[in-house]
C-alpha cells in the first residue's frame, strides 16, 4: 500500500522504514534535506515539497503527519487541505490534544477530507518492537488503512495471548485498535501517557525509599545499604510489579546505579498535563496522576517561593527561629 | 495556686510568667542557670535541682514539664516519679506522641501518681494572647488544676462567641478543654498541628501560583505581576480565607514580599509525622495533610534520586534525549 | 455615586443594599420581577429592561453584573455593549474564568468600553461584614469607582492593622485592591477559592481523624471519644489554626456535631477547577489544592470504577479472594 | 535438600510443591489437618506437631514459616526457638514488618539460631512462574540455602536478559537476591508492595478517566464510549505501559468490562501502610504511594464525616444552600 509520511524525525523515519520493510511504498517529506536523504537511502520516495508529495499519490491519498507538537502540525494540515481532494485522508500520528482533533476533523469534513488521529506508543524501540496504535476517526478509512496499521503494530509475537479474548476484536491483540470517532485515538493515548507518568512516579518513589534507607540518621540495625541494580533486576522476575518500565530501569541501573548522568530535573510533555485537565473537566479524581505531574514540576524548581512562605509563617508564630515549630 | 514548672525555654518561661502575672506561685527549674535566673527575676521561686523543686511543693504536688521533644522528658519523668508520692501529678505540656502518654500514664498509675498530657498552642504570642490548651488525663486532677488552666487560656476576650454554645462545656470558649483520658490531649494537639501543616501548605501553594503568574512563559495579556503583600492583606478583610496564619503571612510579606531571608528549606516536627502515622493506623485518608508533610520533606532535597530515575527511564524509552517524551 | 446592578440574587441584591445604605444610587435589574421588587423596596431604582437601565444612567455609565456562572454573563455583556457608548464601563463581579475576562476586555476595548473584573468574597455575610474585592482593569476606571469599592469593602473596622504597612497601598487594609489589568481580579479571586478548598480540606481531614479515633478497631487505651464541637471552639481561641472557616465549623458543630443534615456529597464550582488548570499551565505543583478538589469529586461517586479495577487485579494475582493481598 | 515448611495455605503449599517437584524433601506442618493431607498427597512428609517437625530434620535444621500476618508467626517462632539448637535457622517467608525482623533476629542470635526474612512475590501464579525472592539475613545461611532459593525463583526462563549485567551478582537474574542483614528482605518486599499500590492506582485512575469519557455531561463530539477491554489489550503490545498488572487487567476486562463482580471496596494489607510509615520515618516524599493507599481507605467509606464538614462550612458561608459556593 502507498502512503505519504511527513516529518522524518526519530518516530516518522522509523515508521516509514518499518512500513517499507514490509513492502509498503512510502512517499516521504521533511523540511530537513538530510532527514529526507536518510529515509530515501532506505528505500523511501523522497520529495522536496508538499506539492510534490501530493502529486506522487493517487486518490484516495493518505498523508501521515509525524511532526513535533506545536504550530507546525496545524500549519501543515492547513497547507495540505488546500492541496487534497474529497476522499483523501490526513492522519496525525503526533501528540495532539484530542480537542484539537475534534475541531480539525470538523473543519476537514467540510471538504470531505477524512481525518484520523493516532496515538503512537513505542518510542525509539518501535521500529523493532512495533508500535502500539490507538486510532480515532471514520470507520471506512480505518478499515482501508488496515494493512498499514497491521504492519506498524507489534502483532502477537511472543507476548502471551490474554485468556478469554476469542470473539473479541482481533486487532487489539495485534497491537492496534479503532477507539472511536475523531479525537478518541489521541484521548486514549493521552490517558496512556498519564498512566505512564503515574507508573514512573511509583517506581521513582519506591527506589527513592530504598536509596534513603542507607541514611546515617537511621538506627544502625535498621539501616540498609541496598543494591538497587540487583533489586530492579530481581523484580523483573516473577514479581507483581514487573513491567517494561522496570526493564528499562534495570538497564539504566545496571549501567550506573548512582544515575550520575542525570541532574534530577525532569521534563514533562503535553499529555501529562492534558490528562489532569481532562480529569478536572470530567470531575474524576486523579490523585496519583496529578501527583506524578506535580513532582516533575517540582523537580525543576530550586528555591520554591511557597516553601519560603512556610518558613516565614513559622518564624512569625514560632519566634524568629526557623527550627522551632509550634 | 502553687505549681512547679520544669523547663524554662520560650514556652515554659512565658507560661510561668503568665501564671505569676495572675497571682499564682511558680517554683521553677531549668538545667540552665541563666534561664532560671530570668524567670526568678520576674518573680519565680527558682531552685537548683529537681529534689529542691519537689521539696518546695506541698502534696498534692503538681509538676508541669515543658521540655523539648526527645529523651529528656522521659528521663525527667523517671527521676521525678521516684521523688513524688501517691496523689501527686506530673503534667507534660511539651510535644509528645500520644502513645507515649498512654504508656507513661499507666506506669505512673502503678505509683498512684497522676499524669496529664496537655497540648499547648500559641507559640511566642501565647504569653500575651493566652495559650489554647488541650488536656488529657483524669478528671479529678483536671478539675483541681482548673485555676491554672483558666489563667493560661486566652479566655473569651474580644473573640466573638459562637452562636449555640449556651449549655455546652463553658471551658471551650475560655480556651481550654478536657479532651478525655491520658493521651487524648496530645492526640488533639497532634491533629491540630496536622491541620496547621495543611493550612500552611494551602496558602503556600496559592501564593506560589500568584507569584508564578508573572512568568515570561505566559502570553503577555495573561501574565500578571501581582503585589503579594497587598493580596495577603486584602484577604484578611472580609474574605472566606481569613485566618491567623494569613495575618502572619501578611506581616511577613509587608516586610519583604520577596521573602529573601529564607532558603526555601522547611523543617518539620513530630506532630506532622505522627498525624500521618495515626491516619494510616486509623485507615483515614489524609491526602492534604500528607501532601503538606511531603512537601516539607521535598523542600530539603537538592537532587532527588527518584527524579533522576525518571530521567533515566525517559532516556531509555525516548532515545538518549532527556527532552523527548514518548 | 450612581451605578447599575444587573442580577439581584443573594450577592447582587446585598451589594445594592450595602451601597444604598451608604448613600449611593443604584439602578437595578433582574429578569425576575420579585427580585427587582425586593431591592426596590429597599430603595433601588428598579427597571424592567436593560434598555431602561442604560437610559437611567448618565455617561460615563457603570454597569455592575452579578450573574450566575454560565452563558448569561456573556449574553448580557453582548447585549449591553450594543447599548453603551465609548467611555462607559462594564464590571463583572461574578465568578468568571480570567481568560474570559482578558478576551472580553479586548473585545470591549474595540468600542472604547472599559471592562473591570472583580473577584468578590464574603458570601452571605458580606452585606454586614463587607466584601473583600479583588479588582482587575484599567487604572482610570478603578480610581473613578473608588467610592463604590470603599463602601463595599469591610474597611479597617476592628481587625488589627498589620505591622509594617505604613507607606503601602492603603486600599488593601480597607479590603479592596487593584490587582492589575483585565483578568487579574478574577485570577486572584480564583486562587483565593483554590486556597479556600485547601483550607477546608485540611480541617475536614483533621476532624475526620478526630472522629475516627473512637473506632472500635483501636486498642481500648488508645481510643478516644472526642467532643468535636468543643475542639472546634477551643481551637478558635489562641491556637495557630484559628480562622473564619473554623469559626463557621464551630457554629455548625455546636448545632449538631454529627452533621446529620448532610449527605457527604460536596459540590464544587469553577474556581477550584480553574485553579488546578492554571497550576498545570504554569507548571506549579499544587498537591494540596488538587487533592482538595479531587476529594470533592470523590465524595459524589458511589461505586468507583477504578476501585473495582483494583479489586479485579487483586483477584487475578491473589487468587479469586479479594481479601488476599500479594 | 531437606527443609521444613510451616503453614500450608496457598503460598506455603505451593512453595512446598515447587520444591518437591525439583527433588527437594519437604517436612510439612499446618494446624489444619486437611492442608497437611493435601501436601502429603503431593509428596510432602506431613507431621502432626512442631515437635515432630523438628525431630524430622537433621542439624543444621531449616524451618520456613509461611503464616498469615499476625501473632501466629511470633508465637510459632517462640515455640520453635525453644526446640531448635545453635546453628539451626528459622526463615520467615510471610509478610512481616522489617522492624519485627530486626528484633527477632537479635533475640534468636542470643541462642545462635539464625533468622532469615524473605519477601516472596508471585501470588497464586508462583508455583508455575516461580517466586521472586528478596532475602535478608546472615550470608552463610543464605549461601547454604542457595539450592532452595534457586529452585523457588523463576530463573532466567524466557525473560530477556538485561544488557550490562555481566559481572554483576548472577542471582538477581535468576530471580532471587540477598538484600542485606535481617529485615532488609522484608524491607525490599515492603517497598515492592508500596510500588505495587502506586502502579495499580495509576492504572485505576487512567481506566476511570477512560470510562468517564462516556458521560452525558460532556459535549457530544468530545464524548467517547470506549472499549476498555480492547484498550487494556492493545496497551500490552508495544506500549510504554505494558506490565504484568496490565496483563491481569486485560484478563479481567476481557471477562467483564463492567467489572460487575466487584463492589468497589478495596482492602489493603500491612505493606502499603508500612511503606508510608517508613517514608515518614525517612523523610522521603511519597505522594503517589500514599495517595494509592488513601484511595483504598476512601473506597471503604460510605458517608465521609470530613465531606459532611465541608458541606457544613459551605452552608455557613454560602447561606443554607449546599449548591452555592462562595
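For this structure, a couple of remarks:
Order of writing sets the labels: A, B, C and D. Residues in every chain begin at 1.
As a convention for this text, a contact is a pair of C-beta atoms (placed from the backbone, for glycine too) under 8 Å apart; a residue touches a chain by one contact, two chains touch by 3 or more.
Protein identities per chain, from UniProt: A, B, C, D = 6-phosphogluconate dehydrogenase.
Bear in mind the structure is a predicted one, so any value in this text is a computation, not a measurement.
Matching CA atoms, the turn from chain A to chain C amounts to 180°, rounded to the nearest 5. With respect to chain C, maximal separation of chain centres occurs for D (centres as means of Cα atoms).
Chain B and chain D, compared by their mean Cα positions, are separated by 38 Å. In this assembly, the C-alpha centroid of chain A lies 46 Å from the C-alpha centroid of chain B.
Per-chain CA centroids place chain B at a distance of 30 Å from chain C.
Shared interface positions of chain C, defined as residues touching 2 or more other chains, are 121-123, 193, 196, 201, 203, 205, 208, 212, 240, 244-245, 251, 268, 279, 281, 283-287, 291, 294-295, 298, 317, 326. On the side of chain C, the complex with chain A involves touching residues 240, 268, 273, 276-277, 279-281, 283-287, 290-291, 293-295, 297-298, 300-301, 317, 326. Every residue of chain A that touches chain D in the complex is listed here, in rising order: 98-99, 102, 106, 121-123, 126, 129-134, 153-160, 162-165, 168-169, 171-177, 179-184, 187-188, 191-199, 201-203, 205-206, 208-210, 212-213, 215, 217-218, 221-222, 224-227, 229-231, 233-247, 250-251, 254-255, 275, 278-279, 281-289, 291-292, 294-295. The touching residues of chain D, counted against chain C in their complex, run 10, 121-125, 193, 196, 200-201, 203-205, 207-208, 211-212, 244-245, 248-249, 251-253, 259, 261-269, 271, 287, 291, 295-296, 298-299, 302-319, 322-326.
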